[in-house]
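First chain written, first letter: the chains are A, B and C, and each begins at residue 1.
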Amino acid sequence: MSAGGPGGAVRRSGAGELPATGTAALLDRDVRTAEVLARDPAGVARPASVVRRYAQRPVAVAAGLVLTILVLAAALAPLIAPADPTPPLTPEVLAQAREGPSWDHPFGTDKLGRDQLSRVLYGLRVSLTVGIGVAVLSVLAGVAVGAWAGWRGGWVDGVLMRFTDLFLVIPALVVLLVVASNPDPSFFGLFDLPPATGVPGMVLLLAALGWMPMARIVRGEFLSLRERDYVEASRAAGASSWHIVVRHLLPNTVGPIVVFATLAVGIAVLNEAVLSFLGAGVQYPTVSLGQMIADAEETVGSDLAYLIVYPGLVLFVLVLAINLVGDGLRDAMDPHSRDGAR
Amino acid sequence: MNVPVLDVDDLTVVLGSGERQAIVLDGVSLRIDPHETVALVGESGAGKTMLALAVMRLLPRGMRVTGGHIRLDGEDLVGVPETVVRAKRGGEMAMIFQDPQSSLHPSFRVGAQIAEAIRAHDRGTSRSEARGKVVDLLARVGVPDPAARARDYPHQLSGGTRQRVMIAMAIANAPRLLIADEATTALDVTVQAQVLEVLRSAQDATGAAMLVVTHDLGVVASVADRVLVMYAGRIVEAGRVADVLAAPVHPYTRGLLAAVPRLDRTAPVRAIPGQPPSPFTRPTGCAFRPRCEWADARCASDVPALDPVAGAGHDVACHHAGALC
Amino acid sequence: MSTPLVEVDSLVKHFGVRADAFGRTSERVVHAVDGVSFTIGRGETLALVGESGCGKSTVARLVLRLLDPSAGTIRFDGVDVTRQSGKQLRALRRRAQIVFQDPYSSFDPRRRVGDSVAEPLVVQGRRGEASARVRELLELVGLEPDSAGRYPHEFSGGQRQRLAIARALSVQPDLVVLDEPVSALDVSIQAQVLTLLSDLRQRFGLSYLFISHDLAVVRHLADRVAVMHLGHIVETGPVDAVLREPVHPYTRALLSAVPHPDPVRERARERIVLAGDPPSPLEPPSGCRFRTRCSHAVDACAQAVPPLAGVGPEHAVACPVVTAVAAGA
């Protein structure tokens, strides 16, 4: 607000004035936002207004609906799956092999007679578990590193950012491929880590490869937020660093964190699918969408193509929905964005 | 047969549309003759900046003129195509904004920016001619070592010098109308004094009409011939500066003068209770009514007209003007 | 004679001295505050005035130990707080608070104002008193006690400044530092807040360190004033003495530059218009830092920073040239 350096003094703003940000919001033709902005330039990322703005974007709302359905389906898989995804291979089961989509088996059956819909549902469970697990871990690690670096600054920031850079230079693709060909990440026996072929191991691996952007984002937010007057007021009141970080800085960083977390889920889902496709992901009997796609690789173009299409489609829709929800959240939290959705 | 340089006639500007509509300027009229300086004074939300922007046809999107005329040298600018107005901006009419830091392009040297303003209105000027004019202009606005400063980038200059550059750009094409929108508000008081000097002499030299938008009554007293006091989109008092500031009639103007801390008076400041309304919350009738000690039923229902008041020598928009003066 | 509440002696703050990876120190040092001394008595209001870059806001933060001084001492109620930290500083935090200039960024937009106003109490371990005290405080500053549950954006600029004052008063401090508290407010609201500050001061016997660039405001609120220029105090004394009969050339130029809302006087009076730009705090002139713009400057002015010398009761000026003339006259 006040210009620094010689010759600059204070800037006025008043009771009923529409500041520049208010008039910019008029471009959205949302006069109510302009009204609110006129008095609240800083805090538009409030839950109620975020929800309202999100609800104004049909694409985001639709994606949210689809995602909710998928999540529910995955959560309730044990209840709603028409059959056992990995049944004992009895003669009855084998007899149903290679049946196209029907009322009994909406997604058809595979070469061993297993119901594809059930397998897709359980595969979804794995995808979402890994996705959410990775997102949560990445956020925890990224926020911890970024917050510490951003708040302390100085040499602590320097050290932490070099540590982050170290992880950033690891080529994720190469690591994944190496893991794919040798899925026993005992790091030459140095660490007692769970194998990458299990869900916990995969979550650890993918989180280790993906937490860095969160750290950068949080650090950036903290660096700018800590200069705010209300932080200084807290210091003047005698607040400890912990109090300021937890009560002031983190709550005001929630927006970027939520958006990153959402998009991180999508990335992790895809990575898991790739790993499983390469055979280095979850192993039998756990089902994964990537695994199903790998098993059905050669069916492309044949009349068994449904074996690859359905899992592929579900994966595609899942990731698309996640990304659209993430985009929608980002736009809803930033009142100045002008996307095509309006 | 004096055609005023600027003649604003019953101008109405509205924000938003349909149900959520708010009036930003409500039937505002003003005129400025050549060589004359008129000050528009008021607090935030009064609409004074919007009036300046409306004249330049630079209203932000979402605000539009819904009535009245804006005549520059007799020519109406309302409803006229953008190309016509653009030709006049920077040429016949020029504006100086509040924040010198954000009004200049940070990636171009200031000399180049002034030259651009010159050549935009006179294609015939060659580059070297323009360069010469730039140095000349910078000298006129009191920038020491103008040839060197012309090659500087905005961030290398102080706030006061940046404002002088803005003034140089504004007067480059000898405008008929100069609008200064809080041009000295962001400057230190000693620098403000210098810049006001520059504005005064620039106007003297070009014979332009000047519209000074400000909240500072001291600036009004310092540079203006006439003053219009604005409140909630309307003009509530208008007249010669000496008359209005020495013997204000409208309760708001009186309140303002009593509320301003003065170096030349020891009387304690007296605050006006309440706060100025936003365009969305403007009261019916006289907008100042909730804060006024003389308000009565008539003030709630009838908007007072801006009329000359016998005994005051200037115009006042108040039902009780006669009793107050 | 009791000890003054605040005693600042030869306070210095330099920014930007950094050693790079090879241990070399930067040449670009901002001499924000370069040897400032003053006292504030109990119940007294000292105003620090000056233009941007003079260091007044830095001094305000140094007094509250929101910044660490590079040199000099600060004593609060007789106790040397210059090098205190952590627990020791808590005593200072209980007795001195601050109100900032910008009403729009001084409150966390995500917290209800009641929580923000109570924050000093909570942080200092007095959570139990918080809710009752908040209502009391809101009423004290002229706001609805029930509005504690609202968010900052629901209040206007003037109301937010009242909230900031309420927050500062929550722990019943002896000293309130006010950093340009009304500069960002409309004129009619300014007057309301100034009146409030004056009433509160009388009621609670508060001392104020009032930072401002607006001399007229200072005249109405302060007992004594210190005029700062580029890190130094150039004139100090009772507010009427300094503002009615300024001695230092800078003070005179400053006063001359303030426009009065009286057109007759305004057009008629003599103006001292300074030539040139204010020097940069990165490269201040040697000796007296005002000499590059001063019409009374002589060669000796470049030699050394002039010390403050008395010219009247409690009235001191840092300009040997002008003081000599005044003494001679």
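Here is the rule we go by: a contact is a pair of C-beta atoms (placed from the backbone, for glycine too) under 8 Å apart; a residue touches a chain by one contact, two chains touch by 3 or more.
All figures in this text were calculated on a predicted structure; none of them were measured in a lab.
Listed by label, the chains touching chain A and chain B alike are C.
Comparing the centres of all chains, each the average of its CA atoms, the largest separation from chain C belongs to A.
If each chain is reduced to the centroid of its CA atoms, chain A and chain B end up 51 Å from each other. The geometric centre of chain A is 48 Å away from that of chain C, both derived from CA atoms. Taking each chain's centre as the average of its CA atoms, chain B and chain C sit 32 Å apart. Across the assembly, chain A contributes 3, 5-16 as residues in contact with two or more other chains.
Multi-chain contact residues of chain C (touching two or more other chains) are listed as 51-52, 156, 158, 186, 189, 213, 277-278. In chain B, the residues that reach two or more other chains under the touch definition are 43-44, 158, 160-161, 188-189, 191, 215, 275-276. Residue ranges on chain C touching chain B, taken from their complex, read 51-52, 156, 158, 186-192, 194-195, 198, 213-217, 219-220, 243, 253-267, 271, 273-274, 276-278. Across the complex, chain C is touched by residues 43-44, 144, 158, 160-161, 188-194, 196-197, 215-222, 241-242, 245-246, 255-264, 266, 268-273, 275-276 of chain B. Of all residues in chain A, only 1-16, 36, 39-43, 46, 228-230, 232-240, 243, 247-248, 251-252 touch chain C in the complex they form. Across the interface of their complex, chain A is touched by residues 51-53, 61, 64, 66, 89-90, 93-94, 96-98, 100-102, 104-111, 116, 119-120, 123-124, 151-158, 164, 167, 171, 180, 183-186, 189, 213, 277-281 of chain C.
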